[in-house]
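In what comes next, subunit A is part of two complexes: it sits with subunit B in the first one and with subunit C in the second one.
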Partner chain A sequence: MENKLIYSSSPHIKAQRTTRRIMIDVCIALLPATIMGIIYFGLYALLLVALSVAFAVIGEYLYLLIAGKTFKEITDRFDFSSVVTGLLIGLTIGTNYPFYTPIFGSLFAVVAVKMLFGGTGKNVVNPAIAGRVFIFISFQWAVGAWLFPAIGSVFGQTAETSATAVVNVSQGIIPKLSVLDMLLGTGMQGCIGETCKLALLAGGIYLAIRRVINIMYPFIYIALAGITTVLIFGFDFALFLPSILSGGLILGAIFMATDYTTTPNTTLGNTVYFVFLGVLTAVLRYATNMETVSFAILLMNLTVPLIDKFILNKPFGYKKPQKAKEAK
Partner chain B sequence: MKTNFKKIAKDGIISSNPTLKLVLGTCPTLALTTAAMNGIGMGLAVTFVLICSNILISLLRKAIPKQVRIPAFILIIATFVTIVRLALDYYLPDIYESLGLYLPLIVVNCIILARAESFASKNGVLASAADGLFMGIGFTLALTTMGAVREILGAGAIFGYKLWDFSIGFFSSSAGAFFTYAIFIVLFALITDSIAEKTKLAEKNNNGDFTKPIEEAK
Partner chain C sequence: MKILEPKHFPFGSKIHGTKLSKNCPIEKAPAPARVYISVSQHIGAPAIPVVNVGDKVKKGTLIAEASGAISANVFSSVSGTVAEIRDIVNGLNQKQKYIIIDNDFKNEEEFLPPLGDFEPNTIIERIRLAGLVGLGGAGFPTAVKLTPKNPLDTLVINGAECEPYLTCDHRLMVERTDDIYKGIKYAARALNVKKIVVGIERNKPNAIEALSAFDDLEVVSLKRQYPMGSEKHLIYVTTGRKVPTGKMPFDVNCCVLNIKTVLAAYYAIEKDRPLTETVLTVSGRGIKEPKNLQVAIGTPFSELIAYCGGTSDDTVQIVAGGPMMGKALVNLDQYVRKTDSGILCLKAHETYAESPSNCINCGLCARKCPMRLMPMYIESFALSGDFKEAERYGAMNCIECGLCAYNCPAKRALVQSIVYAKTKIKEMKNGK
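On to the complex of A and B.
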């Protein structure tokens, strides 16, 4: 009998959206920020980013080879999520970090945080965040002062060398650098990828147009972080823009906090998640006088299972079951 | 009653290693393994208390009423912990300092209570002493290796001697403690399981049981 009838279980119509496609979209969205980072911080920035991407991919291949997969199998199913992880780790360290830090960070992120938990989609926390925090707490002794980008301030005074803008903001001091400079990242100390906010925003808009992320959520996060900072320092509205534009808030909000695996499943859950994230970031900044975006995201990542447990979608037409009346 | 010392030794160090197999006494394991020396100090202190309390409990096992056995065990353990504390404070003040709070906490260390409850209160004096000794050795070995790994990675030193200027601070933090502990448990289980499979296969072959095909490992 000819095989004219084909049986298969649903779904029968498949969209073109695969994990690989989405991850390549994220890579494209990160490109402007990467290019701006390399322009600002020179070839050493390129080396750091290249190393972190390379070792993230190498980590995934090594793990799967040890687990008994063949090279071809891995390449066929390679979903580029480790490229995104590596890229994000490279962008969230500064050029004051030694060259070996992204290697350790990427290997830790991909092998320990992602692959040991079961691979893409099974990780408990965002691998890039975990890798960045790993580097941050492991290699404090090897890190010098933050460096300035090659292009100095265009619109006004340069920042003080004693403290980065985000440290100033966390103490309620308005940084000397003008807001426009902060938006462009000119004359501003910081990590490779986080200085040029304009490039990050462009990437965010690209992701929103491609419907990879819902732009509402990063917006809630960024706005809440700014508003909480304003409230902490007694309605000092001059702090609103500097608190948003300093540090890694925009990078974290657009590219790291919106990771599918580590966000709640429901709309309400997501709103709660990002509101808490914004408040937590601002409060932690105030409490520690450091940039705390990555720590806040890491902490909130761990609460996602709880949020998903308590905030559930109500099935259509569902009625609460009446409590059985007691006999007599 | 014949005592199987070989089995007691194997149980204590390998097949029911208190730290890596029973996952008991995790509090000192996580908190104190930042240095190999801490592991040895803590391990020996626990071993001493284990042996002494096991002997005394085994001697008194017929005299202690069942209803009040837990308070009685705790009382006996606390006695020996006090002895260890005072002795360490006098003779080895450095180790006493570095163990700090965790020394008096040996009183509520679940390894000791578990062995008192499950072994010493049911077995003879000699067997109980051996059990305490080998459980203590298992605990000491686990803590010392974990401490050594974390000291090398986290501080670039071993037993206090500086090896190099490179260090990964993550491994001396408490997050690193959990991470190292998990890796240790996994590796230990992998090794012991593969050994157990091999001995099983070997026994089967030696018995000449050819009626069933030899099962592959796992």
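On to the complex of A and C.
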């Protein structure tokens, strides 16, 4: 027995939480939104999501194979983060996108944004957001407006045809859709996974219960985005719920903005980050109405190193060195 | 009955792991045929052997004398003959001088001279003579702790025993309550303090009950929140005082003593017995029968493991001490020291030994760190060799409790890197 003793540094017991477990939790949390997206938009939605997930994983494998790892090594250390990336890209495109867009988007996100920077945990911006923005910039010519789900409005009036709810909100117009419809995503234009807010919120609650995310941060983000919108349009509180229930705000707040790698490391830093994010999203929505959540998160991702540089924890029992008052 | 609530401390965390032996009464382990007593079982200079090969010794005979202010006497734990004095590379991969004594099983005992009075100075001198060190694991000579630079007003007794598996302090508090109480009173007398606080974690209700029977002790029932047994945190939750960074407990007029230390003080003062025995827990899923044992210092670990029924075949790791801060053994050539509080035989599923992957910046280590450090930065500075920056981020404040590495989802060896940084920073300072 003696010669097989494992020598290791303390601690000798570890918590069961692993990176892989966290990523699988995120995938599970995204399932309701994926299922609702497929119910709303049909089998083509399933194809798009499947393609984006498949090519995100293929991208990671290809990169690591080229980098000289064996297939078994990659599988052993596979942490499911590329599945999350692929899933998020698939959920943030519409069913009017050509089938090749998620392929390019996923490959770009995983290879150029994540793996080239050193893999999981080393990326500067969130790969899924970068992939989404990449698709938006590169393939906008191929698509028109967002599509309506196959199920029409259940609770409200007839859906508008001219503009999406988020465009309405950004112009200070209260959408004609009822709040319940917006929550369920029925009768509302949007991309596959963003439409059913209820499913996204359920996923968020799952993540909070599993302690993967701190529910306070998405809450700060969503609430502040709503409040800022209300303030911009002169205390029009009727705008509050429509503004937070339209567009990609909830998906972005729960699943993209909370990405560990691209958020600050301290509680205070995170609060600062999400406050700025909320205000920035609302202001960007006012100024333009294209991909505001994605660009806001992308922009704030780049400020994270700065926040982490200046907002640090003070050690327990730390006292500010007393400056000599007699110097004067 | 004085059971107090602790002050709220928002950091640290619960850790899994059970106390397998919490209901096992303390047993006396059979005396070994040969004991291996190290001369450096404490922080500070190694003691100098005062016996020669072939000398007859009794249990309690001084065999190595303290060399300097921070050092401690070492006593023989059996009666017999000194067989060898030589350097041994022990199971922790440390080269130390050992005095090896063959037991003659006559059980002759030598006592310290009886005390004439119980004045503070007499007590402190007795504790110094008896070779008492901090038995919680640090091994700092107790007599030095009892002679602080500034007057103290509070004595904090550490009965937290926050490490999983370990139950020896728990059993002592339940079984030898009166002796511990007397030991506490002597320590308070030596320090000339009135206020005595005992911190015990909530998972030991019978220990809390036992010690709260004494009117002049304030028992604080601590939350199950590792690392409550750390001096600085224990002082904070029991008295509300924060030990400033880089300072010691006496800077906030407190002294922290472990349960086993005060018990040893009682034996030294009233029974005139030097420190020759200790109580430790043999536990872990790998051991057949987990037990709390009273053992002679210098007993080989292998004999204690054999006494507890041996290990199962799938034991992968043997740890001296607790699972969070203890040291893994490279082989079984390890012998009980004064400061040992446990021998753990862990199976693979208990240790979750996974290879480390990239840091994902989740910030969990910083959120859990009881010292409010940012282990991920210190680690990356340590790995890239920037020790100045590591120091600026507070590496020296690390108490090595292990919570960061315990919680890390990427399973990075954070403590190891921080300890490495600390060593390098110390070297840098000494070099100047």
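Details
Convention: the second predicted complex is superposed on the first by the 313 of 328 C-alpha atoms of A that agree within 3 Å, B and C clash if a C-alpha of one lies under 4 Å from a C-alpha of the other, contacts with A are read in each partner's own complex, and residues count from 1 in each chain.
One rule holds in what follows: a contact is a pair of C-beta atoms (placed from the backbone, for glycine too) under 8 Å apart; a residue touches a chain by one contact, two chains touch by 3 or more.
Given the structure is predicted, the values throughout are model-derived calculations rather than measurements.
Comparing subunit B with subunit C, the partner in contact with more residues of subunit A is C.
When the shared chain is aligned, subunit B comes close enough to touch A:W141, but subunit C does not.
Contact with subunit C, but none with subunit B, is seen for A:F316 once the two complexes are overlaid on the shared chain. The residues of subunit A shared by its contacts with subunit B and with subunit C come to none at all.
Subunit A contributes residues 104, 108, 112, 134, 137-141 to its touches with subunit B in the complex. By the touch criterion stated above, subunit A contacts subunit C in their complex at residues 1-2, 4-19, 21-22, 77, 79, 118-122, 260-267, 270, 312-319. Subunit C makes touch with subunit A in their complex at residues 11, 15-17, 164, 232-233, 236, 242-245, 247, 311, 313, 315-319, 323-332, 344, 346, 350-354, 357-363, 366-367, 369-374, 376, 393-394, 397, 400, 402-403, 405-411, 413, 415-416, 419.
Across the complex, subunit A is touched by residues 167-171, 173, 175, 179 of subunit B.
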